[in-house]
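Both complexes shown next keep chain A, but they swap its partner, so chain B is in the first and chain C is in the second.
And then the complex of A and B:
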């Protein structure tokens, strides 16, 4: 980090696109300095010497957890679709994903 | 009958002695909640039908002489990020406005199976992102001790509901302090369990390697009872551990305070700490000393890195977890988007609250090409340092005692425009989550404006039993936990 904590407006647009969030111009104006001040604060980690330190991704030592491959009762189709925005013929309906 | 000052245990005696019915208990809490909640706004949903239905089932069981669950007679509030089958679950975000889940979270179900009655779903910061409930997509909960002040957060609605006696206990989650900090600000007790002790299944995910469900109550005894039921292996959550759950309630006097070594980490008593908070927390340590404990000065040198580690790893996990809110399978969505990417972008842009967006953006940035090693990997390495410091500390002391929050409750609105200041409110709680160890928050006094102050006892991995025993004994020789706000 620290190369530069300045996020350019173009970078913010790129990040927002990756995150699939539309931002209004007002939001961009608000978030840009807020994100910069957070990123600037994060520079504090540079003072930690992490030579030869392994990263921790989980705090307990568990590794692979297996379970039997059994068929179990699941939601009915009706229940599974009960929270959907739109359904059609028993499926979730979405707007076109492929252009004609 | 006035049930306000009765613990669950006392209320249960009345029920078993047939001096009161479950329906009467339910009606008492409903009436009280309808009167008090408009002032403090702890609840998003009051589950009037469900509590009466459950009460009638319990009364029927009593009538027929059937075996009662361990929580028959108890009234519970539930943070609105726990999925409750058939009951709206919003996560305090507009994204999930109107969402009625088809299944329940594991620990909620375990408690229902023990005949608990649910009074309602409590307000939180959206998806638990925050430290004051001010980020909620609905409204801000007020501190029952002073309604101009925040209750803390994110589980502020649950803490306020317990403080205002609207339930016997309340469920919350603690990812970076979201049980202990509002406990401290509202003058109640609360446990953040060891990571993997309570199942996360059916709770809207914030940061999966940090999220710890837990419970608020006035007395540690009630917390021990609830945790005894909720804790343990859950096949639906592969990070729960197959470690035996002790009989917490039977071992509340087990730990001998005489000769017990209590560590006071110097990093938690310096810097921005409010002088009254420092004084009251050190007084709590002295109370233990009077009972024969030995106070030991210790150091957790990487404490000042905790917030930075947290606010890299947490948003990173958030940005991945929040990808599920696509407006297709559940949640609100926009009409008329021309293609699927616009549909996602407009839906998320319209319904996600500002703090939800900020955290997703920070996480996406930290995980994006060119920054991953500098942010995510670096923070994960410092996480190792912080965890190791706790492991080392517990070789020399039995338990660690520290404040939960550098200040008592602050004024609503004071920090809303400065996310970094809001993040720094977690400074005394996050390292415990970074390490994964348990922490029990307990009230220990008031400042000169009659705002509560709390402290936390931090134990080694899976040492909840020790924390409950010490917390319970502390509540035998002090009475801070019995103080009530004027409402």
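And then the complex of A and C:
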């Protein structure tokens, strides 16, 4: 990320595309300054001297937490699909991902 | 213009653990009712906590060690973010900065392919594309979502489609020896994505064509054809446009097996677009040197080691050695018959004798019946008996091939079968001399012929074989006849 905390309209479009959201022109006008202010805040954080400080990945110091390779009960198909907007024949139904 | 293909392969292998990578749902998904092996973790429901599968992690390290990789002291998972319906969470848990193992190599023929890394990740769900009332729909089954997947990334050391195929076969062999996956390309438990570009030397100048990553290759022939096609396409493209690779023109191309061509899928997302970051919900993983050693010890003798042993200890040739080592079951059974202690001074002859039977008669029989070699049908003692009989010329090599298959099917000692079928050769000099005398007395004309033309002895040998009902050792019959006739 550049030191500048300006976001170009193209960058905003790109971020929106990665997040799979459509933004209207009005929304872009609202979000652009908001995102820039987030970057401004990060600029402040970036000023902190972190030489010799180990990166923090998580809040505790645990390591090696695993599950044993055993099968336990899963959701029923009905429960699995219960929150889906649309289902068909036991599947989640979504907009076609490939064009035929 | 000199063209050298530069090919790197990403191989994905689905591990055959019982449960999924980060939850205890069953990892089985082939021919299973859709969406019956899911839970909050693999459906990516809010608040779910992923916990890595210890067996999958150990197997990833095991595979890495078998590929000569070095384990990282510390390893962790990261989130690879992208939105696609088959990825429930909106990110894939994978390893980026610290994979389990790095820097290995694999021997492919006389060449070596360096391995950049092998890391652990999770599979996505399965999409089914249908049309209904003229409308295209995609249906998602999350049973496969979260199944453990190891990705093995090679360096671009592969220089032809054939070498790519050999690399994949080698990888498949090693994985199957380790028993961590079926590595079946057709069934999708082993998938391969080649990245191809060309080094073009033209009039003292060197050019590199833009990288193309090829997706959707679902068979071994597909991999070869896709690479061949891509080499041709890039050559033609370069001649037209002279475009060379840069950091922005890598593309992803799909393979259409029906049309036998690759097509542009999408401009490749840069890795920055995946916004990788360490998964905060899964603690780091560290294997102690003792644990690594324990995993290393659990690695069985691998094909390369077996081939080396067959060549050096048993003096088998390259071909026999590699074919025996192709399949672990086959190789292991061969080694229950041929052990370094067998027939000490004649071990090499014995090893070759058994190799010929295994790769000839027995393999043909297995191919015909579609069976796998079955240890319980192989009695090492029988092979020793048969070998000794052939050594003593009691049984001919061709008869040995015949009886060994029957022995394999019925469990009877092949020497007994040979006796029952009258396949035991008479090599008793006294008995043969008696028969030879009889043949000579009965065929004065043939004896005359022989005196004029020694090549005509075949008739007398034939008569002797007939008299012995086929049991005479033909070589000895010839020698004894000659001795008597020339002595007269």
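Assorted remarks:
What we mean here is this: the second predicted complex is superposed on the first by the 97 of 100 C-alpha atoms of A that agree within 3 Å, B and C clash if a C-alpha of one lies under 4 Å from a C-alpha of the other, contacts with A are read in each partner's own complex, and residues count from 1 in each chain.
Operating definition for what follows: contacts are C-beta pairs under 8 Å (C-beta built on N, C-alpha and C of every residue); 3 or more make two chains touch, one makes a residue touch a chain.
Just so you know, these numbers come straight off a predicted model, no measurement behind them.
Within the superposed three-chain model, A:65 lies in touch with chain B and with chain C [touch as defined at top]. Touch criterion met: A:91 reaches chain C, while chain B stays clear of it. Of the two partner chains, chain B and chain C are each touched by A:20. With both structures placed on the common chain, the touch criterion links A:35 to chain B but leaves chain C unconnected. By the touch criterion stated above, A:74 is placed in contact with chain C alone, chain B being left untouched.
Judged by the touch definition given at the top, the superposed model places A:57 against both chain B and chain C. Residue by residue along chain A, chain B and chain C are tallied for touches, and B comes out ahead.
Counting contacts as defined above, chain A residues 18-20, 57-58, 60, 62, 65, 67, 75, 80, 92, 94-97, 99 meet chain B in one complex and chain C in the other.
Those residues of chain C that touch chain A in the complex are listed here as 17-19, 22-26, 33-39, 43, 51-57, 76, 81-86, 127-129, 131, 135-142, 273, 275, 278, 280-286. Taken together, the chain B residues at the contact with chain A in this complex read 99-103, 195-196, 209, 235, 238-239, 241, 302, 304-305, 307-309, 311-312, 319, 323, 327-331, 333, 337-341, 343-346, 348-350, 352, 354, 357-358, 360-362, 364-365, 368, 371, 374-375, 377-385, 387, 418-420, 423, 435-436, 461.
Per the touch definition, chain A reaches chain C in the complex via residues 18-20, 57-58, 60, 62-72, 74-77, 80-81, 88-100. Chain A meets chain B in the complex at residues 1-3, 7, 12, 15-24, 27, 30-31, 34-35, 37-39, 41-42, 44-45, 47-48, 50, 53-60, 62, 65, 67, 75, 79-80, 82-85, 92, 94-97, 99.
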